[in-house]
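What follows is a set of structures to go through.
Two complexes follow with chain A in common, the first pairing it with chain B and the second with chain C.
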Partner chain A sequence: MKSVMSNKWVISLYVLPSLILILLLIYIPIFLTGYYGLMDWNGIGQMKFIGLENYIELVQDKKFWQSTWHSLLLGIFSTLSLVGYLILSLILASKIKGANVLRKIYLIPMLLSSVAIGQLWAKIFDPTNGMLNRLLVLLGVENPPLWLADSNIVLYALFIPIVWQYAGFYIIIFYAALKNVPEELIEAAKIDGASPIQIAYKIKVPLIAGVIKVMVILAIVGSLKYFDLIFVLTGGGPNGASEVMASYMYTEAFNKYNFGYGSAIGFGLLVICLVMTWIIQKLLSSKENVDF
Partner chain B sequence: MSKIVVETKKTTLSASYKTSKSLVNRIGYGLLYFVLGVIAIIQIYPLVWLFLFSLKTNQEVFGKSPFALPEDPQWGNYVKAWTTGHIDIYFFNSVLYTVVAVVLTVILASFVTFAITRMQWKLSGFVLGLFMAGYMIPLHSTLIPLFNFFKTANLIDNPVSVILSYVAFNLPITIMILTGFYKTLPREIEEAAVMDGCSIHRIFFQITLPMTVPVLSTTIIINMIYNWNEFVFVNTFLSSDKWKTITVGVNNFVGQYLTDWGAIGATLMISIIPVLIAYFLLSDRIVEGIAAGSVKG
Partner chain C sequence: MLKKKTVATFVSAILVGLLALAGCSSSSSTKESDADGKKVIKFMHLWPEGSSKAQFSIVKDVIDEYEKEHKDIDIQTEILNPDQYREKLKVLASSNELPDIGMTWSDGFIKPYVEGNMLAPLDDIVEKDPDLKDSFIPGVKESYAVDGKTYGLPLELNISYVFYNKEIFEKYNLEVPKTFKEYKNVVKILTDNGVIPATVGAKDGWPASFWFMYLADRIGGSTILTDVIKGKAKFDDPTILKAAEEVQNLVDMGGFVKGASALSNDEAKGYFMNEQAAMFLTATWELPNYTTSPDVPQEFKDKIGYFKFPIYEGGKGTDINSYVGGPGVGLFVAKDSKVQKEAKDFVGYLIKRWGEKSVIDAGVIPATKVDTSSMDLSPMYIEILKDLSEASNVTTYFDTQASPAVAELHHDLVTALFGKQVNPKEFVKQHVDELAKEQK
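Up next is the complex of A and B:
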């Protein structure tokens, strides 16, 4: 039995094609990004080695840090909204009628492409004909905001479709985790006279702390990677007011043909994602994690 | 809110206490469902609104209430989107790339998961870690090298580049979901087959693979949705109209027909209808796939 199940040829045959694919298309490229960042390169012609010039420029580039801040801000918003999703999930998971249908309805926007969502919300945000301002005018608001055209509020406006898109996703996950909490624990607490809010706060939430932690990482790192929706809705504008790291990288490389500098931004994005993941794990690891 | 829900199950003490309590319960329940219902409407109404304006003329969109039903449904908007906007080609390309990439991803991921969870070799844990960690890598950090790689390989403006990228970037999540399932599967049948001298390929194809059909359908549907909705790879690697997918095509179409709301709405509807139908038919599988893919990571 040993020999059949440890046949090296078979293992290679089964694993190597996939392994080569992810090495070639995921792992080698992330190192190459760092390497291309050392080049002056327009994507077509010869690369010219210029040492750390791009990275020095990157560290001093206000636009890069501004876009990083925008990405982080979206991450902070996303993390805060997790509280709301968690409360909703606690309600849905407390055996109310229709919970299954409701969570499936909440998930619908998550299944659509960010492009379709972006184009739909471009219409919803339309200052004169959009659904949102028509509704506001109907409610008596005289000067409804310009939403995406107003550089002061564009980032906050963008967060509305983001919540709309992802709410169902987080609710599904919290709900699934809450359904795994052993029923005996809750029954025991009830017998001891604990109120439902105490049960939620003292038993259910600590028991799914591991999942919450993963979701915080996902919310922040996911926000650092936001691209499609913002690219479609604002392209980073007006005037860079909604520029995020990925859109800045994309514009520099594929619109301005600064592939060297674009690579440096891409590498910066990778490093910031990894550092943030590490920081959040450090911050949250002190809390008790209960596995079940 | 949840307080009220649980308390209904408690036996109450006196009759008068009971009636006042049940009134509070009813109001509480009513309020609770009102809030949950409003959220449901917020999640769905934008799509209803999209469907409505996809059937309207510009005069109706600009002049009449946005909440009104279309006076004379303009199905012509759909015909226009389908024929003049190349949406038919884009739609076909989306189906083709999605199907090819999903088949490749699921087969390759099954091979890997089988080798990692069933076969004995030293590096299996490390290799599994490599696949899992791929999930955390930001796609945009790989984009410029990928572009350069495909350009060197003469695969720019060739769908192969997009399909290979789909497979590579979906392998981590697919293997993640499959591994969770393989670990719960009993090994007795496989072990008995080994005793009987069955070849490893037969064990994989005729015993293990059929047992994983439920989880395969979950990974297939999740992969389909990801690929159907993908934007960046197609937008970056493919430039000819004849190769573009519906997601990118919709974006270009909207850029060209800026003010024709009806046609834009119809195009968006065409791009989302397949996903909505899939969800309507397979919502349990989709929900399960989304929950499995993230919690176990």
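Up next is the complex of A and C:
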């Protein structure tokens, strides 16, 4: 067996199937997207090569930068919400009663499809018949906000279901990481007279720093390319107030039949995601060294 | 030894995989005739049995009839729901593999396909057949024409009316408004009594545009919006600006359901179906809900009436029988079809049979004239079909006539107009800019 594995041909054969799949499904489409971005194309007829025109337009497009800002805002919110998830997971992992049941409850939104969640929250946010405004009226609020119709608050109203949707995912990963923290360390700390908060802050959190770092990257990159609930609930409206990069790309490519420009947006999205990931990794790697 | 065997296994595994891939691509090649020597016509449509049972059954019956009459023809259908259909058609078009017969929407939708030289002109079907020639409602077929040739034959026609709840109107002693002033009065009385006057799903854009289009039609005359598309008039015409202002006046009066710009058409419809809103401006595709649909209680259906959009005092559109509406789907024949002659013959046949069956079986208003005398129809259908025969004009929906980019901008702007994120001046200006970009 050893001789088989040392043969380069065999190794490349083993690698080949997944290499072909990755090439076909990921790298070639990325390359093609960049290429279509050089075209004036409505998705049906002839493509016309127009050089970098789409990309130049993209850099100057106010709507694109506005949607980028919205995506970044979502990224910031998701990252901040990680603190909340971490606290919840710390409580769950500290052997309280019913932790198992609670964990399952938090996981439920993860099991629903985005479209179902969207329909659910559309009903909650409905300005007249919605659960939220009915409640506010009952509590004596005279003119409850119009949530999704008000361009000043629509984006923040949308963040609530998005944060809620992913709570279970982050909690379960934090929970698993916390469960892996060696029991001896915690017991030793207890003997030394550390309070539960000190244990959490000084021992548990530093020990799962690696996981936290991955979660931050996941949260930010996931936010930058986020699409589902925004598409279902507002479609980017009203008047672009909740447009994010991915929904802007969809509108251009599929509603306006600007496949060339839509591809350019997609490529821009990819570049922004890569740059952000690189920045975050730089920022976080220096911190890690201090902690240990 | 083992080494060789492993290599051989992998190579053969990959070969099998490649064969499977190759098999996928070759199976879609078109055949002219099937095993029995019959000519195969491929027909792709968008009425699946699950979601559009009535339409599905009509098409199926017509195909069965046709195949019985023409023993040498075999019509194979491929059925997708409308959204998937749009996507698939686009993909098939880009690889030049359109079905022999398919469905299309008018104006802005069909244009790229015609310009890509993919569809066959269908004027000869109509010219050849005297029954068909005079049967279309005037102006409908023309929506599928590019440069004077017709590339699609319409099946459906939708026109818009204001539907209203008679019980609410009676409760507050309201009369059906004939003029816009009377309409505003109705709105005022209803808001004073805490009733939502009208519901509209402005998030989707197009339902909100109905209000704008009708006001433009009444204030600027029935040709104004079509003229804008053709470049004969400008979108910043004072009458169009006036129409946009009147829309916002209604919004300011509380004339629409709160937060309309975040409601989809279906959500907005709920307010009307729950009798929370007194009026709903929508098109005739909703008719089954007010007449025949078994899912809606009869009590509710009895309460629903309709009226034509009121006349605007001092406006140029003085005829209340001018409607805003549009053809729904129509049929096309692919230019590269190997059975073009047979396909065209079937299209003509389907259009005729559809006109006879669609009202009764599916509650759909066909694009062809209907003889109601021998039909057992609910009164609302009979009245509307009568209206149609008296219609002086049907202005095709602005967003249907416009190019996809203009239509999308129009939807966004109408949503913003209802949500008061733009004022009427910006509303017309942004339209002018986008239209100018296009004509360059």
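As a working rule, the second predicted complex is superposed on the first by the 271 of 292 C-alpha atoms of A that agree within 3 Å, B and C clash if a C-alpha of one lies under 4 Å from a C-alpha of the other, contacts with A are read in each partner's own complex, and residues count from 1 in each chain.
One rule holds in what follows: a contact is a pair of C-beta atoms (placed from the backbone, for glycine too) under 8 Å apart; a residue touches a chain by one contact, two chains touch by 3 or more.
These numbers were taken from a predicted model, which means no experiment stands behind them.
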item	value
Chain B versus chain C as contact partner of A:L21, first or second or both or neither	first
Contacts of A:A149 with chain B and chain C, given as first, second, both or neither	second
Chain A residues touched by each partner, larger count belonging to chain B or chain C	B
Partner chain(s) touched by A:N239 [first = chain B, second = chain C, both, neither]	second
Contacts of A:K95 with chain B and chain C, given as first, second, both or neither	first
Touching partner for A:V10 - first (chain B), second (chain C), both, neither	both
Partner chain(s) touched by A:K256 [first = chain B, second = chain C, both, neither]	second
First, second, both or neither for A:L158, with chain B first and chain C second	neither
Which superposed partner A:P127 touches (first chain B, second chain C, both, neither)	second
Touched partner set for A:L224, first chain B, second chain C, both or neither	first
Footprint overlap on chain A, where chain B in one structure and chain C in the other make contact	1, 4, 7, 10, 13-14, 17, 43, 122, 128-129
Interfacial residue positions of chain C with respect to chain A in the complex	2-3, 6-7, 10-11, 14, 17, 90, 93-94, 112-113, 115-116, 196, 203, 257-264, 267, 270-271, 276, 404-405, 408, 412-413, 415-416, 419, 421-422
Interface residues, chain A side, partner chain B - complex	1-2, 4-8, 10-11, 13-15, 17-19, 21-22, 24-30, 32-33, 36, 43, 88, 90-92, 94-96, 98, 102-116, 119-124, 128-131, 134-135, 164, 167-169, 172-173, 175-177, 190, 195-197, 199-200, 211, 214-215, 218, 221, 224-225, 227-228, 232, 245-246, 249-250, 253-254, 259, 262-263, 266-267, 269-270, 273-274, 277
Chain A partner contacts - residues on chain B that touch it in the complex	1-3, 5-7, 32-33, 36, 39-40, 42-44, 46-47, 49-50, 53, 61-62, 65-67, 108-109, 111-112, 114-116, 118-121, 127, 130-131, 134, 136-149, 164-165, 167-169, 171-172, 191, 194-195, 200-201, 204, 225, 228-232, 236, 247-248, 250-251, 254, 261, 264-265, 268, 271-272, 275-276, 279, 283, 286-287, 290-291, 294-295, 297
Complex contact set, residues of chain A against chain C	1, 3-4, 7, 9-10, 13-14, 16-17, 42-46, 122, 125-129, 146-151, 154, 234-235, 237-241, 251, 255-258
